Amino acid sequence: AELEVLHWWTAGGEAKSAAELKKMLESKGHKWKDFAVAGGGGENAMTVLKSRVVSGNPPAAAQIKGPSIGEWGAEGVLSNLDEVAKAGGWDGLLPPVVSKVMKHGGHYVAVPVNVHRVNWMWANPEVFKKAGVEIPRTWDEFPAATEKIQKAGFVPVAHGGQPWQDFTVFESIALGVGGADFYRKALVELDQPTLKGPTMEKVFTTFATVRKYVDKDSANRVWNQATGMIINGKAAMQFMGDWAKGEFTSAGKVPGKDYVCVAAPGTAEAFTFNIDSLVMFEQSSGDVRKGQQDLANAVMSPAFQEVFNLNKGSIPARMNMNLDKFDDCAKLSARDFEAASKRGSLVPSIAHQMAVSAATAGAMQDVVTQFFNTPAMKPKEAADKLARAALTK
Amino acid sequence: MGALSIRDVRKSYQGTEILKGINLEIEKGEFLILVGPSGCGKSTLLSMIAGLDTVSSGEIRIGDRVVNNLSPKDRDIAMVFQSYALYPSMTVRENISFGLEIRKVGKAEQQKIVERVAQTLQIGHLLDRKPSQLSGGQRQRVAMGRAIARDPSLFLFDEPLSNLDAKLRVEMRVEIKQLHQRMGTTIVYVTHDQIEAMTLGDKIAVMKAGEVQQFGTPQQIYDNPANLFVAGFMGSPSMNFIPARVEPMGGGHGVRLESGANSYVFPAVSANGKLKAWEGKEVVFGIRPEQITHKVESSLGAEYIQTASMPISLTEPTGPDTLVLVPVNGREVTCRVHPAHARAPGEKMDLMFDLSKAVFFDPASELRIA
Amino acid sequence: MGALSIRDVRKSYQGTEILKGINLEIEKGEFLILVGPSGCGKSTLLSMIAGLDTVSSGEIRIGDRVVNNLSPKDRDIAMVFQSYALYPSMTVRENISFGLEIRKVGKAEQQKIVERVAQTLQIGHLLDRKPSQLSGGQRQRVAMGRAIARDPSLFLFDEPLSNLDAKLRVEMRVEIKQLHQRMGTTIVYVTHDQIEAMTLGDKIAVMKAGEVQQFGTPQQIYDNPANLFVAGFMGSPSMNFIPARVEPMGGGHGVRLESGANSYVFPAVSANGKLKAWEGKEVVFGIRPEQITHKVESSLGAEYIQTASMPISLTEPTGPDTLVLVPVNGREVTCRVHPAHARAPGEKMDLMFDLSKAVFFDPASELRIA
Amino acid sequence: MDLTAQRMTAAPESGAGTEAKPRLGDRIDAWLPKIVLAPTFVCALVFIYGYILWTAVLSLTPSRMLPKYEFAGLAQFEALFANERWWLALKNLALFGGTFVLVCLAVGLLLAILLDQKIRGEGLIRSIYLYPMALSFIVTGTAWKWILNPELGIERLLHDGGFENARFDWLIDPEMAIYTVVVAAVWQSSGFVMALFLAGLRGIDDSIIKAAQVDGASMPTIYRRIIIPSLRPVFFSSFMILTHIAVKSFDLVMALTNGGPGFSSDVPATFMYSFAFTRNQIGLGAASAMMMLMIVVAVIVPFMYSELRRPRHG
Amino acid sequence: MAEMTSTRNTGQLVGRTIVYGLLVLVCFYYLMPLFVMVTTSLKSLDEIRAGNLLSLPQDPNLDAWGKAWSSACTGVQCEGLAGFFWNSVSFVVPAVLMSTLIGAVNGYVLTMWRFRGSDLLFGLLMIGCFIPFQVVLLPMARTLGAMGIANSTTGLVFVHVVYGLAFTTLFFRNYYVTIPDELVKAAKIDGAGFWLIFRRIILPLSAPIIVVSIIWQFTQVWNDFLFGVVFSSGDRQPITVALNNLVNTSTGVKEYNVDMAAAIIAALPTLFVYVVAGKYFVRGLTAGAVKG
């Protein structure tokens, strides 16, 4: 059967990985009808998807993640994958945090492709050496270190002033300052007192500190330009998910030597995840349904998980995989993933639409961005606003 | 049933009435001339006949069809626009043959007609030019050519010769006359040229401010104008209007005229006694310049020939004639005399008045009395 | 030094020469009339004087400046375009006052001038309309108004009255004459109207196919045409050209004319003996229609007055006169007679020829002999 | 405007004689203009007004990810009016729209006039002015971002050129960021306005210009008083096009500033898109779309009315 | 006199110099982004990363162009833009021609054959074009689905024609109001009907505005992303979607040189149309048509 797959894996590496999936699917006698729509973390793709669903011919599979899976599930347009899941023993392969995201109403409706770690900090050791400081491990160490770096003539924090980047930094700070429980309570469960509380104020205060060490030209910079500053040795560190690794790799840099990946200050014990997944839409044709199941199987296969994640910088979603081919950062990520999972400090990234509904996340992101761009705003005021934004339905 | 009949036709633009109830009727093959002062509504009437403007009220018939709602293309008319309206993107040849082409005339036939028309209008050498490369008169002839290439049941001409020189105009006039005689087509023709009006028309309608003042044959209009306006409008130089008191004279009546120190009473021979009611009152005495000439002995004797010696205030040579202005009853009266007989301003001159065609008007209503 | 002098001016469009070396010179305050058949280059010449077309070769001076390279706005001229060229987006008032405004005339003054001009041209009630809402004649008057509102050193008028009715045209002619006299401005004026040409002009230039055929006063042009073309072109109806053999007669010469069964020899009194060389040969004998009239006893007797009885082939009443056509030497000769004296076609009529102004041309070169 | 000019139905009573009974073909002829316009009319009715109605309905529902037809009163509008970002977007639209339309008209007209001076190489220059239209902003946005970026573009160029203190950092200044959108938008659209004006200029009758020359007007005056006034219809077209671009400017903002810094250069179009599609708040998006439309109508309708009321040809 | 000539000539010369000077100056503004794009497309990724974006390439090469054309990834296949080119052409050409033609006819009716309410109709059409396109996506998707032309080239052409009509109509209407009525009147008298007048009288005078309309529509349709991505089917996606996929990655590596080359490649047909159509900006189409 012909399967139309809506996705936004179009950049060189990820596209090649997706092509692997296509090959696997085709080896099972199906046809992959590619429907790639890149742009803004899948915004365009979502638009297209909605129109497709409304016009009555949704694609067979689509790249959807986080709570959106549930929202689509609530519309009753997703097909049930329980059968394949049971056959493939997904419950045993996936950490519960992950499998929870893949389900709607207790049934599997999605398959995970990868796990990104968001709470990374990328640092240029050369710069730190020149400035004569250690890489800060906690937010308390942070101001002193950055001050020195700045004095040494470097930009302490490479940042792109786009709302999602602001939000990414913010969530790492929240995790580092408040810990995983605070993070979960505030940014996942949206607990009002926590959101308004003193810890949140402290998070904003720290956020303001970070702002101080960002160069004046950061506004509007795209993330890979910021990464470029680390590569060029202009800046010391960047808070960004593990996809940043691709930039280093394609610039010919070696992890551990030219750059280092460490967890954002204070978050070494925790892990904010961002999981890409494929969702299957209800189809009338039985052939296509069969194809969907084959596709789901293929996605879960170790072969695919390996190939895909090697290219993408992320780690496989299924556990117990051989990670020999992966680099140190990925290995570290995988270790932390499992550790955090056990420790209960594995939390969904709010900046990457894993934690709360798009509307809520958006409203909160607005507040964070506003705070970042309005030096006059007090942390308390910001916290209140954030709490109010969290009420958005 | 007439070829064209216009019944109580009215037209308003944004509330102002331009045509105020026009009634005209002509027979098949007749040549109707529309004249009237600038802005009186001639072009508007033409364009309503053509179906280019809607009729606000009233009825227009061509043949036995009411055409109010008929589209122009179905009225079988050809028209020369006052503003030419040549098709700028077409050559002269295409301009002329366009109407033929639409009416599915064969290529060869078209070619022949264009050649003929071009020759008639002396524009044969311009056939491949665009309108923008033509002189004013040439454009006008192309506009004319576009109309006469066709063989419609009604021609509408809006001042088609105004930009041509006298010589060409005479030739064109002759061509139009021949065209009319040859094809027997009904024609409505707007002109400001007196000679065109008099020589081409079977009927003339004199319009003023959206109304027909008089409708008749050229000779009727010229010799028996219905009112002061028509009398003054037709003829160039225009008829002299002299306010004059009616006095009894012989068996009938006469009008008193004063010029310089002299005073005359001229018999109102043409009035046929109709001035009786006006005795002692003032009328407007109308006499055309050509009816006041230098004294020609052989003409004297008849009662309607009167002479007077009058002081000249101005002379104006026009070539074939000289116009002499003399004061009569406080008005400057124009006389048309042979250049050889004209005296200089300041001198006195013996003038001969031919009263046989003199006319009289009521100064209040401006209508003709006699 | 003349107010306007044109020296050997030539103009070509895409290789064809439109003006072939024009030479004209007029003094300050003179009124020059340009006449000539349609397409002879009058408008082109005007537009070169105005600076709107470039001069291919030659020189144009206004006052003592060579203006060949001067832009129109610096030439201090006003012009009436044959195609009007009104500004479509402006009202009549704005059209008229635009030139004043440009020349920084004060608002109040502008207002006054516009009122005056509008009254002169009888367009006072149209001042707030756009050109598209005007009739043809009204547009033409606005075009005129735009020019006469200004006070330039040179006026250029391109057939400014062609779309007006006879009455209005007479009035406008008078206005132009007065304007000219009052302001003493130099004027170049293109017209096809014989009367305008004769009554307005100080000088007339008769053009043909891009060349000046004759340049002189109206009377010179009319009475002493330089060649067949000028003689035929000026005057309406046009001069009669009769091919006739020169025969000795009395002390001088005469021309033989045949009509119907009769044959006459008319003395060439106006030739002053210049026909000697042509004895026995054929010349073109030119006589204007108004010089052939019905017989008037009192005029008879002079040698230059000859009478003949001729068969009428056609009559054409024009109002004041009737044109009578008679065959002479195989040509239809037009005579202008008083309507009362005209006979019907087919009848014979006694005609009187006034030979005092008859002219004679070389049939080959078409130049005047006498 | 003469709405009664084509009265097809008024048939006066005819006394005697036959009224020319229009044949079927004629009746079709008479209706032809309307028939020809009908498809457009139907399309507009369905695909524009129908959808506007649909949007209006949605704005009164609590729709989130997909349309849901439940009545929610004016809740979405209340939410909209309570949203700071929306007001900022409106303010930005006013700033951006106003400057952009005016600058584009001025630049477009000026370039058209300059190009109309019998310029050698007109074709090449015209294409240079037009080409920005051809480029999709997905990428040109990047180029502009670089050019306007203080550390990469013009400012750096100036610094390198010795002007150490030169500042050109609108892109990162929340107050000025919206004007960088103007710079890029003018760059992209003024060429087309130029083309529109050029077409208009090419349609003007020479003889009118000649008349004005004789009247003593200099070329600038002729343009100001004669030519530009007769370009009214072109102004109308350009104005509509530009307003349209301004109101809908989406790609441009997305590519250049992505609404930032912060959301300081957000405009209603980006606002609407992100709420309706990215944030799954279709109801709110619909409400903002309705507001956008109402604002446009308030601005455009009076202008259009006055434009359509004036008689033809000037 | 020689002086006078020369003053005018120098005056003219100064004027011309200013005109050319201005035109060229403005060219710089327009060319600046293109300069950046072209130079970037000729650089290697490393050179770009080095950060000298406004400098000339040190080692210009066409690799990026080659990649953009034939091997860049736009989805699972990495075959560059080449294949999408024809997808775009296949719906752009009919959409542009149809909307221009219909716009011309509409403009013609709205100026030369006005009827009661025609101006109102035009006004409604104009206001309607301000409807944000994002708003129409969902209902249009449903309508097209109902019509059975969802996700087909026909559907896409249809959408572009429908939403292009308002502006093409606007262009033509506003151009035709300056054409004298008399021409149509004369043609009516000559016996021409509705279509014939349009074809023989009006169209030949429309060259500049046809150019404008084609430029506008071609640009709009060719560069459109939103309708293209939503209403085309997966394998018939327009080039803008491919370009977007190539350029717009959020978490992948950005290859600026390829992006720039791709953008220029994607714009080539539009540029071609400008150059070709530009020739028809002819002067003085109605000159000499009417008097007065």
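We just call them A, B, C, D and E in the order they show up, numbering each chain from 1.
To be clear about the criterion, a residue touches a chain if its C-beta (ideal position, glycine included) is under 8 Å from a C-beta of that chain, and two chains touch if they have at least 3 such contacts.
Note that this is a predicted model, so its numbers are computed, not measured.
> Between C-D and D-E, which chain pair is linked by the larger number of C-beta contacts?
D-E is joined by more C-beta pairs in contact.
> Roughly how far apart in rotation are chain B and chain C when fitted on CA atoms, stated in degrees to the nearest 5?
The C-alpha superposition of chain B onto chain C needs 180 degrees.
> Using the average of all C-alpha atoms in each chain as its centre, how far is it in Å between chain A and chain C?
Here chain A and chain C have centroids separated by 95 Å.
> Counting in whole Å, what is the centre-to-centre distance of chain D and chain E, each centre being its mean C-alpha position?
Centre separation, chain D to chain E: 14 Å.
> Calculate how many whole Å lie between the centre of chain B and the centre of chain E, each centre taken as the average of the chain's C-alpha atoms.
That pair's centroid distance is 58 Å.
> Note the residues in chain A that touch 2 or more other chains, in rising order.
Expected reply: 40, 47, 50, 54.
> Residues of chain D touching 2+ other chains?
In chain D, 4-8, 29, 67, 205, 207, 230, 273, 277, 312-313 touch at least two other chains.
> Which residue numbers or ranges of chain B touch two or more of the other chains?
71, 82-83, 133-134, 136
> Which residues of chain A touch chain E in their complex?
It comes out as residues 4, 7-16, 18-19, 21-22, 32-42, 44, 47-48, 50-52, 54-57, 59, 116, 222, 224, 228, 231-232, 241, 243, 246-247, 250-251, 312.
> Inside the complex, what are the residues of chain E that reach chain A?
Residue list for chain E touching chain A: 45-46, 49-51, 72-78, 134, 137-138, 140-142, 144-145, 150-151, 225-226, 229-231, 234-235, 237, 241, 244-255.
> Under the stated contact criterion, what part of chain C meets chain B in this complex?
13, 35-39, 42-44, 82-83, 133-138, 140-141, 158-159, 162-170, 192-195, 198-199, 218-219, 222, 232-238, 288-290, 296-299, 316-321, 336, 338, 340, 356
> Going by the contact rule at the top, pick out the chain E residues touching chain B in the complex.
180, 182-183, 185-193, 196, 200-201, 204-205, 284-292
> Which chain D residues qualify as touching chain E in the complex?
Chain D reaches chain E through residues 1-8, 29, 32-34, 36-37, 39-41, 43-44, 46-52, 54-55, 67, 107, 111, 114-115, 117, 119, 123, 125-136, 138-140, 142-144, 146-147, 152-153, 156-157, 187, 191-192, 195-196, 198-200, 202-207, 230, 233-234, 236-237, 240-241, 243-244, 247-248, 250-251, 269, 272-273, 276-277, 282, 285-286, 289, 292-293, 296-297, 300-301, 304-305, 308, 312-313.
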